[in-house]
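Two complexes are shown next, each including chain A; its partner changes from chain B in the first to chain C in the second.
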Partner chain A sequence: MEKKELQVSPFLVFFIIHAVQVGVGVLGFQRVIMKSAGNDAWMVVIAAGMLVSFIIWLMYVLLNRHQKDIVQIHKELFGKWVGGVISLIWIIYWLLIGIVTLRNYLEIVEVWMFPTINMYMFTLIFTILVYYCVTGGFRVVTGLSFLGVCIPFYLFFTFFFPVEFAHFRNLLPIWNHSIKDLTISIKDMILGFLGFSTLLMYYPYIKHPKKSQKWAQLGNLLTVVIYLFILIITIGFFSEGQVSKQIWATLSLWKIVEMPFVERFEYIGITSWVLIILPNICFSVWAATKGIQKIFNLKPKKVLLVLLSILFCTSVAIQSRGEIALLSKIMSLIGLCLVFVYIPLLTLISFFISKMRRGKLEKSS
Partner chain B sequence: MKRVLNIVVLSIIMSMFLSGCMNIKERILDDIQLATAAAYEYIDEDKIEVTAVFPNFQPDKSVKNETLVASSILSKEIRDKHSLQSEKPLVSGKLEVTLYEKKTAERGIKDLLDTLQRDPSVGSNVYLAVIDGSPRELLSKQYGNMDNGIFLSNLIEQNIESGLIHKTNLHQFLYKYYAEGIDPMLPIIGRKDGKINLKAIGLFDNDKMVDHIEEKEYFYLKILLNRKGENDTHAIQLDGNTKVSIFNIRSKRKYQIPKPMTNNEIIIQVKIKSMIREYNDGILTKQKLKELEQAMEEDIKKNSEEMIKKFQEKKIDPLGVGEEVRTRTRKWNKEKWEEIYPDIKISVQVTMDIIESGIIE
Partner chain C sequence: MRIWRNKRKTDRSDEDHSFQVLLQRLTESDEFTQFTYASRSSTLCIGYYTSLVDTEILHRDILPYLKELEIMNALPNVLPIEEVSLEKDATKIQEQLLRGFILIFDINNLNQMGLAKASVERTRQVTIPEVEFSVVGPKEAFVEALDTNINLVRKRLPLADLVIKEMQIGNLSKTRVSVLYIDGIANQENVNTVVQRLSELQVDQINDSSYLTQLIQDNQNSPFPQLIDTERPDRIASVLGDGKIAILVDGAPHGLIGPTTFFEFFSAFEDYFLNWTVASFFRLVRFFAVFFSILITPIYVAVLTYHYELIPKDMLSTLVTSRSAIPLPPIMEAVVLELTIELLREAGARLPTKVGQTIGIVGGIVIGTASVEAGLTSNVLLIIVALGALASFTTPVYQMGNTIRLIRFPFLLMAHYIGLLGVAVSFCFLLIHLLRLSSLGRPFLEPFYPLRVQDLKDSLIRLPFSMQTKRPIQEQTEDTMRFNPMKAKEKDDI
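Moving on to the complex of A and B:
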């Protein structure tokens, strides 16, 4: 457990979990999940949310037993070397989340707003901003996620504009797709929820961490509600053939918004989205920094500088949409394995090892 | 000392960011030409001619309509050619209306839609319309104290809001174009005695215009198209000299499809609550109101069934009967539906309620 003054109140976990889950994924998840699940995609969102909720519960089971972050748990269970290597995989994964989020966002800015934008400059500004936030420590990053949830919330009201043109009959008939189709979609949908695994790293920074599970689950619920809301409007507003053409269906929804003082709402929307992206990147970078610092006992500022230069170089080096898609795919594959295979496994291992050790202790006494 | 250094470094970095390092192209409103309308016409097999309309603001606050005409193989290519004729670069961010010449619409506008979908600066609120006549001629005339893009956009918008024509814009066209079981429609604009008017509604089969309906049938189309309707107006003449015009306060449309995806009858129920706007045959008694209601019901039933027959013969489905069937069946099969659609008996049941008759008896 960390020092009292470094910790945050348990209810803030609500904002952290939600802020880390909602990122660029919201802007374009519809096409991917509707490819196989069609108009039943809303069920997929609920199912994926339930799965994630279960994993969050598992994480709390694990963390509550150890009262440590995952790097220390690895050290305790697997020793210094093996544990260190596994922790390193997690750290790479978190850093990847940061890179993928940043790069995807940059692509949106490039395609939708400024095709000729200087990527180096823009990425550099973003990296400096992330550096500034992360050096502020965990409490600053948490505050950022609070603002990142509250301030852009008004954006969700703008999604009522498309309702005027929506054909909600498109939601019918329910159960039009096979379980197999839905399962494939669930796999794709879960990408939209990834990132919550940083909980494994910031658990010791929560006051009365056992009480915070309720808030974590609620944060996840809010994510599900937002995804569901946007998806239902998308299904009504677009026909299926039309969605399959929209790379960023959520942004395309904004194309219909017309207000007396603004002709195109996407520009405001995309710019506001920075506030949603920033805590997202900050958290993944923070978790990666903290992890490396714990494994190697290095100074956090130096670690952060190295990580941010990796972040900068990778996002600048990736050029085309194909490469971005490939990186996202790799990231999601690692994420799926780590979150849905490794975490349950680790919980089981931790359970047996602690039982064995207790057994030994009793024998020797 | 360190603080001073910090400030110096910061200000250098800041000025770097603020100056043009971001390489964002500035677009100052006074230095660009906002195209408000674009009209497309195929001039041969693969060359298109585009007439672009933009406003020219005069010193005395009036607006002059100006057009540019150029032809090439692709629409964005033509925009560059337009710019070659213009003092300022032409941009498409304020596009209000796109028009398609009638023969072009009959040939298919699929290829011409890509530029509107792909370009993030074009909104979904753009109106699409078919032009009867030469776009170059029609657009070069001045019709009001505004450019023709805004004029046409106001013309269409006004008529949608007052309920004379169905809701239409780029998004709706694309929705129906991509959806299975519904076909798009677009208003047809023509010139009559030097004025522009919405003369008909063009019916599309996918992206090709195959037919149109005349102005007197707008009412039937509108009450059958939307689940809920209002504002529509209709007039009939009974045998003898009785004429009546009504105003639809609210109407509800409901489909009854007992056995979807079969040849069984499909019933469209329409309930209309209306108000009399004009009546020429003396005092309205209860008896007469009943007669009027009945006459209206018969008229709507007869004409709308005829209209649907016509749609079925042309194998088009602008009313979205297919969509209603699709959302009611689990085994939706587009090919099979298209096969059975022309032979299905579709009947219309109308219940007309005249609930008000104006402020005189």
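Moving on to the complex of A and C:
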């Protein structure tokens, strides 16, 4: 457990979980999941949310038993070397989340707002922003995710504008897709929920961490509700054929918003989205920094600088749409394996090893 | 052992000697008056700094009584003055002399030096507050004299628990600084923080309380002040009751308050004199004004440089007509106008009031109209900039108002560079900066982050007094209840 001054109150876990889950995915998840699940996609969102909720529960089982972050758990269970390597995989994964989020966002900016934007400078500005936030420590990163949930929340009210033109009969008939289609779709949907695994790293920073599970689950619930809300409006507003042609269907929804002083609302949406993705990136970078710092006992500022230069170089080096998609795919694959295969496995291993060790202790005594 | 003995020897011989040195040094200054005065038994020598001493006291309360003086030891009993003492230590004597004491000694006996207080206090009268003026409510403001200021606070808080810790800061100025808090309410940790920071200060002069703000606040490089300065004794008394700590400085007509939050800087003390509905409305207007003032010009620049698609076509025509003849890009237009407003403000602040008003009229009306007619700025931008400036002046704490005006410029530049994204990125910078700040170790963005619902009752809005039963959590007070809420709700009439 960390020092008390560094800890945050358990209800903030609600905002952290929600902030790291919601990223660029919200802007364009519809096409991906409706490709195979069609108008039944809303079931997919709920199912994916439930799966994630189960994994959060598992993570709490694991963490509550050890009362440590994952790097230390690895060290305890697998020893210094094997444990360190596995922790490194997690760290790479977290850093990848940061890179993918940033790069995807930059792509949206480039396509929708600024075809001529100087990518180097903008990435650099963003990197400095992340540096300034992460050096502030866990409290500042948490604070940013809190404000990053609260301040841009007004955006979700703007989705009521398209409701006027929506045909919710598109939702019918229910259950016209096979289980297999839905399963594929769930796998795609999970991408939108990834990032919550940083909980494994910040668990020791929560006051009364055992009580925080309720908030973590609620945070996940809010994410599900938001995805569901946007998805249902999308299904009502677009036909399936239209959605398949919209890479960023949410942004297209915003085009309908009309106010006396503003048109093309998606500009404001994309701009406000900075505040939504920034905590996302900050959290993944923070988790990666903390992890490396714990494995190698290095100074956090130096680690952060190295990680941010990796983040900067990678996001600048990736140029085409294809490369971004590939990177996202790799990231989601690693994420799926780690979160849905490795975490249950680790929980089991930890269960048996601690049982074995206890047995040994009893025998020797 | 030997060294120690030697030292003692030199000390003893120094005593006599050092007094001679002191006298010599004192007489070097022409302002130091020294004359001999024959009493009944001996010849006395009297010395003082003319400018620091009230000669009326000297002639009325000291000289006549000295005639009767038999021996030096009887001096405190003879003189009808409160502070009379006998000193031997040369440095102490010098200190007292510089505080307006009169030195009296027997020429034949240099062992006993008498000191009598006859200092003259030249201070301003207590006047009405100018920076934090309020239409209703008390009209007292602090003055430069520390004792008067403490008196103003103490009159409002007749409490034995009101503790005042005094210390001296500054190698040259030796300024008296008082830390005020209510024992049993204020958190001792906060008190210790303040006292420790003050006592560890290394500085030569403290000319105003704002020196202290800059020297002891948590982040000294931040443009945001982290201690509120106020000239209202009623405000200080009120926040002392909240468990805050106040610092008063001799020679400064402004006291400091800490720990504080970002939102407190936008609460005028007049808010408490008005009904809570009205006060809450005014507060919300002020917060709106802050965001308006920071964001409006950058948004104008961003939209007109990059995102004209954002504007509906009816409105676009208005904008286009007003900008059609203007040769400058939006950023130049905006920066020039913003700088003009800053110039006007600065000129107005440096000039005497009467001339300042004239400058305001000349600047505001003549330059504004002329630049629009000359086709250098659009009248839409003129309105926006003027409104933004006006909004920035609504901030009740002067220092914060300055900050608000300053941080508009980075926003403007970023808006020019990457449009609305620049505004958003700058806004994120601002948020992170505010998140990182703390006031005497307490979070600056409280009650929003960390979220403390109980403290929201006096932040963006102000709820009625009957609901303000608990002291803010921010100060971590030792006694959390202000009064008994049950009794407050009972009403005995009929």
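As a working rule, the second predicted complex is superposed on the first by the 365 of 365 C-alpha atoms of A that agree within 3 Å, B and C clash if a C-alpha of one lies under 4 Å from a C-alpha of the other, contacts with A are read in each partner's own complex, and residues count from 1 in each chain.
The definition used in the following text is that a contact is a pair of C-beta atoms (placed from the backbone, for glycine too) under 8 Å apart; a residue touches a chain by one contact, two chains touch by 3 or more.
All of these numbers come straight from a predicted model, not from anything done at the bench.
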| query | Which holds for A:Val44: it touches chain B only (first), chain C only (second), both, or neither? | reply | neither
| message | Going by the contact rule set out at the top, does A:Leu129 touch chain B (first), chain C (second), both, or neither? | response | second
| query | Looking at the overlay, does A:Leu172 come into contact with chain B only (first), chain C only (second), both, or neither? | reply | first
| request: Have a look at where A:Ile334 lands relative to chain B and chain C in the superposition and call it first, second, both or neither. | output: neither
| task | Check whether A:Ala249 is in contact with chain B, with chain C, with both or with neither, and answer first, second, both or neither. | result | neither
| message | Per the contact definition in the header, classify A:Ile117: touching chain B only (first), chain C only (second), both, or neither. | response | both
| said: On the A-aligned overlay, A:Leu231 touches which partner chain: chain B = first, chain C = second, or both, or neither? | reply: neither
| request: May I ask you to decide whether A:Ile73 touches chain B, chain C, both, or neither, giving the answer as first, second, both or neither? | output: neither
| Which of the two partners, first being chain B and second being chain C, lies in contact with A:Leu278: first, second, both, or neither? | second
| field | Common interface positions of chain A, toward chain B and toward chain C | value | 113-114, 117, 121-122, 125, 258, 263-264
| remark: Within the complex, chain A is touched by chain B residues 16-17, 21-25, 93-94, 117, 120-121, 123-125, 167, 171-172, 174-176, 178-180, 323-324, 327-330, 332
| remark: Per the touch rule, the chain A residues reaching chain B in their complex are 111-114, 116-118, 121-122, 125, 165, 167, 169-170, 172-173, 175-176, 237-242, 245, 252, 255-256, 258, 263-264, 266
| Complex interface listing, chain C residues touching chain A | 306-307, 309-313, 315, 417-421, 423-425, 427-429, 431-433, 435-436, 443, 445, 448-451
| task | Write out the stretch or stretches of chain A touching chain C in their complex. | result | 8-9, 11-12, 109, 113-114, 117, 121-122, 125-126, 129, 132-133, 136, 139-140, 143-144, 146-147, 150, 258, 260-264, 267-268, 270-272, 274-275, 278
